[in-house]
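Here chain A shows up in two complexes: once beside chain B, once beside chain C.
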Partner chain A sequence: MSGTQQAKGGLPQEKLTTIQVAVIISNFMLGSGILSLPRVSAEKVGTPDAWISVLLGGLVAIVAGVIMALLSQAYPGQTFYEYSRKIVGSWLGHLLGPVMILYFAATAAFQVRSLFEVSGFILLEGTPQWAITSVFLWVGLYLMLGGLGAIARLFELILPLTIFIYLLVTLMGFTIFDLDNLRPLLGQGIWPVLKGVQTTSLAFTGFEVIILLTAYMKNPNKNIKAVTAGIAIPLVIYIVTVFMVIGALSVDGTLTKNWPTLDMARSFELSGLIFERFEFLLLIIWIMQIFSSFTTAFYFSALGISQLYKRKMKTCLYGLLPFVYIFVAVPRKLDDVFTLGDWIGKVALYLFGVIPIVLLIVTKWRSSKHANQT
Partner chain B sequence: MNRENSIESRIEAIREQIKEYGDVNIRKFELGQTAVKAAIMYCDGLTDREQIDFHVLKALMSYSFDQRPISKELIQNTLLSTSEIIEVETQEEMLSKVLTGFTALMVDGINEITLIHALAGKSRSIEEPISEALVRGPRAGFNENISDNIALLRKQGENKDLCLLKLQVGERAKKDLYIAYMKGIANPALVEEVHRRVAKIRIDNALESGYIEQLIEDNYLSPFPQIQNTERPDRVTAALMEGKVAILLDGTPFALIAPVTFSMLLQSPEDYYERWLAGTLLRIMRFFAAIMALFVPATYISFISFHPGLIPTKLVISIIATRVGVPFSSLLEALIMEIAIEILREAGLRLPKPIGPAMGIVGGLIIGEAAVQAGIVSPILVIVVALTSICSFSIPQYSAGISLRMLRFPAMFCAAAFGMYGVVLYALLLGAHISRLQSFGVPYASPAAPYRLGEWKDFLMRAPLRMMKRRPKLLYPQDSTRKR
Partner chain C sequence: MRIRHKAKRSLLIAICALALPLQTGCWSKDEIEDQSIYVGMGLDPASETKLEKTFRKEGDDYRKRKLLTYTLQIINVQSESQHGGGQAPVSEKPYFNISETGDSMFQLIREFSARMERPVIGHHLKVIVINEKLSRKYSMNELLDFFLRDNEIRPSCLVLISKGSARGTMVAKDNSIIPSFRLTGLVDNRYRSLKILEPMTLSKLEGKIYGKQSYLLQNVISAEGEVKFSGGAVIKGKTQKLQGLLTEEETIGCVWLTGKGQGGLVKSYHEDNHQPIVYEVKSMKSKIDAKVAGDEISFHVSIKSKGRLTEEWLNNNEPIDPAFKKQAEAGSQKEVRRLTNLALKKLQKQYGTDVLGFGKQLSIQHPRKWEKIKDRWEEMFPEIPITVSIDMEITEYGAKITR
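Let's turn to the complex of A and B:
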C-alpha cells in the first residue's frame, strides 16, 4: 500500500507528489498578503500600474524559486538545514540554520498576529487575544502531528475552495469596478513600476520552502515544475486582486485602507441573494489561508530545530509552541505588526534572494572541481 | 468383540458427558437384517431430521447386509447418500461437531465415528434490506446465513476470480468468516493486510460484523467510520470489482467493505443504476446535504449571536422580531431543539413500525409548533433544525449519518464561543483529522486529497459509464482497466 512508516520522531513520513508540493507552496504564499498587497504595492508604485509591478515581482520570484530548486537537486534527500553546512562549512552553517529557523518562527507568529488583528477587528470584537491565538495554535499543532502528508492533504482541500470563493468574491467587485481608476497605463513610465518590484516580489515569499520540501518529494527532479506552478497560482490571484481592488477603490482609496481587499468586498452589495455582503466569505478563506501559512512556517521551523539539534520532531513541535505564542504578543500595535512584516521581508530578501545564488555557484564550482579531479 | 468397544458402553460414556446438553439426542437402532447395533447422535433443531431419516436411518435399516460384511467403507461410500461426511475418532471431537449441527453415526465394532452434514436450512428468506432501500436496483439483501450470503455473491455472475478465504473468529464461540476479493484485481498487499488484522482478532464471541469492524479499523478514536458496512450483495460485488476487500461474518446480514474513503460514504448504488446525469446531481446534492447537516445550526448560532450584521437587513429584522420573546441564548435554544429531535429520532427507531411515523409527526410537528407558541424557541430555529435533520437523513450510509449527527454538536459549541471564526477553525480541525486519517493505507480524504484527477470522474460527479474505463487507482489494483 502507500507505505506509511513511522519515523524516528513519531510522525508519519510520506513522500509528496509534485502537485502536493506545488499546493503547499501556493498555500504558504497566500496568507496575509491577500488583504494588504493592494495597499503595499500601491504605496510603493504610486500609480495604478501596481498590478504590472506584481506581475514582475512574481516573475522575479519564479527565477529565485528555480535557483533554489536547482540548488536542492544537487543534494537529493536532504533539506537545506542538512546540506547548507556541507556547502559553507559548519561555522557559517551554524549561523545560517538558526537564522532560517528564526525566520520561519517569526513568519508563523506574524501570520497568527495578522489573523488576530483582522478577526479581532471584524469578527470577534472584545474576545481576548489569548483565546483566539491558543485555539488556533492547538488546531495547527493537531494537523502538524500528522506529518507532512496530512498537511499536504489538508492544503489540497483548502486550495480549490480558496480559489473558487476568492475569485467569486473579487470578480463580483466588477459591480463597482471603474476602468478609469486604472488609467493611464504606464502614465509615468516604467520607472515607478520597477521601483515597486522589490516590495511586490516580497509578497511572494513562501516559495523558499522548496529547499526543504524537495527532500520529501517522490520525484525530486520535478521540483522546478512544482515551484513554478506553486508560484503561478498566487501570481494570478495577486494580479487579479490588485487589479480589481485598485480598479474598484482607486489608488487613493486603496492607500487609506489597512486591508483594502476586505474593504472592496464590503463596498458592494448584491441584493436578491441570501447574503448581501461577501466579506465574511473572504474572511473564511482568509482564515484558512493564514492557517496554512502558519502551519507550514511553524512546521519547517520545528523541522530545522529537529534536524540541526537532533531532537525528536514531536518534541520540537510541542516545544516551539509557547515561543511562538509569546512571539505573537510582541508587537504592540498594528503598525508594529506591519513593521514586523517588513523586517521579515528584508530577511527573506537576503536569505532567499542572495544566499541561494551564492550557494549554487559554490556547489557548481565544487562539483566541477571534483569532476576535474576524477 | 471386547466389552470396552461395545456400543452400549460408548453410549453410556457419552450420556454421562452430555448430561448438561439437554438438546443433544441419541437414537439407537439396528443395521438392516443384522443384530449389529448402531446409534446416531444429533442436536435438536440444528439437524435436518427429514434428511437424516431418509438418507441415514432408512438407508442403514433397510439395506440387507448379507452380501457384504459390515464395514466403515461400505457405510460411508455406498449407503450414506449425503454430500459431506467427516470422520473423527475421539468423543470430544465428535461432541463439538455435533453441537454445530453435524449428526454422528456410531456403529458397533467400528471405532471411527462418521459425522454427517445435514443442517436444518432454517434461515430468513432473502428480503429487501431495510437499512439501504433503493428505488432502483436489486431487491435482494443478505440474511443471517453465511452460506446464503456467499451464494448471493456467487450468483452475481459467473466469475472464477471471486476468492473467498475462510477463517474462524471467536475464542469461545467460533464463527465462520470469509474474506472476499477478486483475484487479479485486488492488491495482494491489501488482502494480506486485511487477513493479518482479522487473524489477530482475539475476542470471546463476535456477535456481529460491527465487532470485527471495530477491532480491525485504523483509528478507534476517530468519529468517522473507516470501514463500510452493507446489506446489499450488489454493493459488495461493485466494491470487489474496484479492488476492495469484503468481509462476511456468519450470523449477520452486514458485510464489511474495506478500505473506504469519506466520499464513498456519500455514494449510493443508485448513482450508477440511474443515468449519469441524475446520478451526478444526486451525488452533488448529497455532498451539499452533508455539509449542511454539519454546519447549519452552527452558522445560525454564529450569525445570531456574533455577526447579525452579515445577514441582509430585512432578514435580520424578521429574525430578531421572532426572537423577541425567547428567553434563551441562541446556543441553548438550538441545543434544546437539536437534542429533542435526536431523542425523537431514536424513539421513532425503537417503536413498532406502525407507530414510528406517527411518533415522528407528533414529535416534529406538534412539539415544534407548541415550542414556538410557548415562546421557548424561535420559528426560524425550527426551520434550521428541520433542515438539518432532513439533510442528515439523505446520507445513504447510516453509520456515516451518525458521525455527522454527532459532529454538529461540537460545531455548535465552537460557534457559540467564537462565532464564525470558531466554525472555520472547527472545519479546519475536521479537515486536519480527515487528512490524517487513513483506512488500510488509503488516505481518507482521497480522491479529493491527494489529487487524483482521473478519479474525479467518480467523486463529486458520476461520469457516464463509457468514460469510466479505469478502476480507482487509490487502491493500487493489479489490473486497472475495467474493460478490455
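Let's turn to the complex of A and C:
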C-alpha cells in the first residue's frame, strides 16, 4: 500500500479504505452480545416484538454514528484522543481521554471473559482460565503489532465468513420455528418496544471507533458512509438473530437461558448432512468475532495511552497486556460478568451518546464564530 | 549490539519452548471409548431393583428420599462394534439399562461413577420418558430442571409420558433394536399416522414451563419389550403436573383441531351396510378464529383437508360415482367431528385445560382482551363455546378408475 510508513514505535501505519473501516466497525460490534441479545432485549420489551426494538436501536446507533463521523471530519488527521482536548480544554480532556482508555480496556477484558465463560461451559470444560486467556491475549498481541492495516485485512477475511456461517446456522433454526411465537405483532402497542430501545441500542456499541478510525482513513470524507455500512451489517444480523431465536424458543423460553442463541442452535439436529449438530459452527465464528472485538478494543485503548502520554505504541501494547489479563479475572461469577457488561454499556451511553453531540455543537459554534470574525 | 541480539534470540527460543506445552492438543480430552454414552432415560416412581436391594444390604446407603427410580439406557460399545463388523447374528443386546433410586437426578447419575469404570455422558441423550404417576405427583420443572441446566444434554431431547412403567419402554425384545432410538424414530412416522403428536423437545418445553402454559405430551405404552405411541398426556399450566390422559381417539381429535397432522387416515363406516371407507389424509389445515363480543368469547375452528380414497369395502370393483364420493366425504367428516367432539369434551369439561392453543390465538387476535383475562383463562375455558366446521374433499382415488 502506498501509505505504508514506519511511525513512532515501529508499528506499520497504513491508510485504511472506506470498506476496511466499515468492516472493522462491524467486526467490533459483533461480539459477545450476540449470544445473549435475544434474552436481554426480550427482558426489556416483554413481548415478541423485541426484534422491532432492535431495529429501532440500530437506527439510533446510526444517528449517533453519523454525529461522531461529522465531529471527526472537523479535525482531519486527528483521533478523538488528540482533538477532544482542543474542544473542551486540557482539564476536561484529561478526564475524557483516560475514561475512554479505560472503557476500551474494560471492553477488551469483557470480551475475553465472555469467551472464557461460554467456552468453559460448553466447549472446554476443565481448561483453566489462564490458559484460554493467555493464548488469546498473545495471539491478539501478535496481530496488533502488525498495526491497523493488518487488523483490517484479517477482519476483511473474517467478516464474510461470519455472515455466511452465522446466517446459515440461524436460518436452519427454521426447522423448529413457529410464527405463533412471534405473534401478536405489537399486541400491547408500541410502548414496550420503545422501552427496549435503550437496551437494544447498547447492543450496537462499537461504532464509536469511527472517532478514532477517521484519522487513518484514505478518504476521511467518506466516514459517514463507512459508519452507516458498518452498523447496517450487524443490524441485519441482530434482527435475524432475535427474530429466529424468539420464533424458535418463544419469549418465555428465551428468558430462561443465559445464551439463548446458542441454545437455539442446540435445539435442532439435521440428519442427512455431513454434520448433525451446528452449534460448533456458531461457536467457531463467535470466537473469531470475540477475537476481533477484543483486538480492536485493546488496540484503541493502547492507542489512547500512546497518544495522551506520548509513549511508543509498542510499549503501550505490551504494557497494557498484564492489566487486561488481571481485568479479565476480576468478575468473580457469571452474574458479575453480565453486570460488567451492563456497566460498560452505561458508560458507552454517556461517552458516545451524549458527549459527541455536545462536542459537535461546540465545534460548529466555534467555527461559525471564527468565520464571523474573519 | 550483537550480544543484545543474541539475548533477544535466546529469549524468543525460550518463549517458544514454553509455549510448546500449550500445543499438545485438547486440554481435557475424554476418549470416546472410555465413556458410557446414555441415549435414553426413564423416570419411574421409586421401586428399587433387586440389585439395589442387595447393594443396600451390603451397606450402600446415604441420605436420600426415595422419590423416584430412574433408568439409564447406555449404548453397549462392545456389542455395537461386533454388530458393525461381522455378519453373524448378534448375540448381545446393543444396550444395557441401569437403575438407581433416590431424589436428586444429578446425584443419581454421578452414583454410576462409583459403579462403572466408564463415566456416563449425556451429550447424546435422545429421549426422556416420564412415568404418568410420577408426573401427577411432581411438576415438570422439578422433574426436568437438571436436564435444562446441564451443559451436556441438548435441548433437542424428546420428552414422553408413559402410562405404565418408563423402564418398560426402555426394553426391546429384538437384539438389533436400541429402545431409545426406536422411540425417537417413531416421531418421524408422523406423516403416516395421526396418533403421533408433534414432538415436544426440552427446548419447547422450557418456554411452556416458564410461561405456565398447558400442553400435550405424547403417551407411550409398553408390553413385553414392544412399545406403542398411544394417546396423549395433558399437562396443566399452573401446576405443570399431569392432569390426565387422552385416549387415542381424543388425541386424533386434538391433531385435527390444531391441524398439525402430517398424514394418516380417517376410517368411517358406510351408513347402510356398515362397511369401512378409508380416507387417507394428504393435507390438513385448521384455523382458529377467536370472536369477542363484549364479554363473550367464542371460537370457531375451521378444518380443511384434502385426501385420497384408499380403501372401501362396498363397491363391487366398479368405478366410483359422484354420489359415492359425496357419501364418503360426508362419512369422513362425521367421523372427524366425532373425534374433535370427544377431544373438546374431555379437555373442556373434564380437564379444563387449554392445550390446543385457543388462548394463544385469542392473544394474537384480540391482544387487549387477552391482557384482561389471561390470569383466569383456564377457569373460563370450560365454558367457552367452540364450534367446528369440517371440510374434507376426496381428490384422488388411487390407481382405480373413477367415473
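Keep this in mind: the second predicted complex is superposed on the first by the 372 of 374 C-alpha atoms of A that agree within 3 Å, B and C clash if a C-alpha of one lies under 4 Å from a C-alpha of the other, contacts with A are read in each partner's own complex, and residues count from 1 in each chain.
Criterion: a residue touches a chain if its C-beta (ideal position, glycine included) is under 8 Å from a C-beta of that chain, and two chains touch if they have at least 3 such contacts.
Keep in mind that this is a model prediction, so the values were computed, not measured.
Peer 1: Which of the two partners, first being chain B and second being chain C, lies in contact with A:Ile19: first, second, both, or neither?
Peer 2: first
Peer 1: With the two structures laid over each other on chain A, which partner does A:Asp263 touch: chain B (first), chain C (second), both, or neither?
Peer 2: Only chain C; A:Asp263 stays clear of chain B.
Peer 1: Examine A:Val135 and indicate which partner it touches, taking first as chain B and second as chain C; both and neither are also allowed.
Peer 2: Both partners, chain B and chain C.
Peer 1: Regarding the shared-chain residue A:Ala152, is it in contact with chain B (first), chain C (second), both, or neither?
Peer 2: A:Ala152 contacts chain B only, not chain C.
Peer 1: Is A:Val354 contacted by the first partner chain B, the second partner chain C, both or neither?
Peer 2: In the superposed model, A:Val354 contacts neither chain B nor chain C.
Peer 1: So, does A:Leu283 touch the first partner chain B, the second partner chain C, both, or neither?
Peer 2: Touch status of A:Leu283: first partner only.
Peer 1: With the two complexes superposed on chain A, say which partner A:Phe291 touches: chain B (first), chain C (second), both, or neither.
Peer 2: Touch partner of A:Phe291: chain B, not chain C.
Peer 1: Pick one for A:Ser250: touches chain B only (first), chain C only (second), both, or neither.
Peer 2: In the superposition, A:Ser250 contacts chain C only.
Peer 1: Looking at the overlay, what does A:Leu168 touch: chain B (first), chain C (second), both, or neither?
Peer 2: Neither chain B nor chain C is touched by A:Leu168.
Peer 1: Of the two partners chain B and chain C, which one touches more residues belonging to chain A?
Peer 2: B
Peer 1: In the superposed view, which residues of chain A touch chain B and also chain C?
Peer 2: In chain A, positions 124, 127, 131, 135, 277 sit in both the chain B and chain C interfaces.
Peer 1: Any idea which chain A residues touch chain C in the complex?
Peer 2: 121-122, 124-127, 131, 135, 176, 180-181, 183-184, 187-188, 248-257, 263-264, 266-269, 277
Peer 1: Please give the residue numbers of chain A that touch chain B in the complex, ascending.
Peer 2: Its residues touching chain B are 1-4, 17, 19-20, 23, 119, 123-124, 127, 131-132, 135-136, 139, 142-143, 145-146, 149-158, 271, 274-277, 279-280, 283-284, 287-288, 291.
Peer 1: Using the touch definition from the top, list the residues of chain B that touch chain A in their complex.
Peer 2: Residue list for chain B touching chain A: 187, 189-190, 193, 306-307, 309-313, 418-422, 424-425, 428-429, 431-436, 438, 440-443, 445, 448-451, 476.
Peer 1: Quick one: in the complex, what on chain C touches chain A?
Peer 2: For this pair, the touching residues of chain C are 22, 26-28, 148, 151, 154-156, 201-204, 206-208, 210-211, 213, 357, 360, 363-365, 367-368, 370-371.
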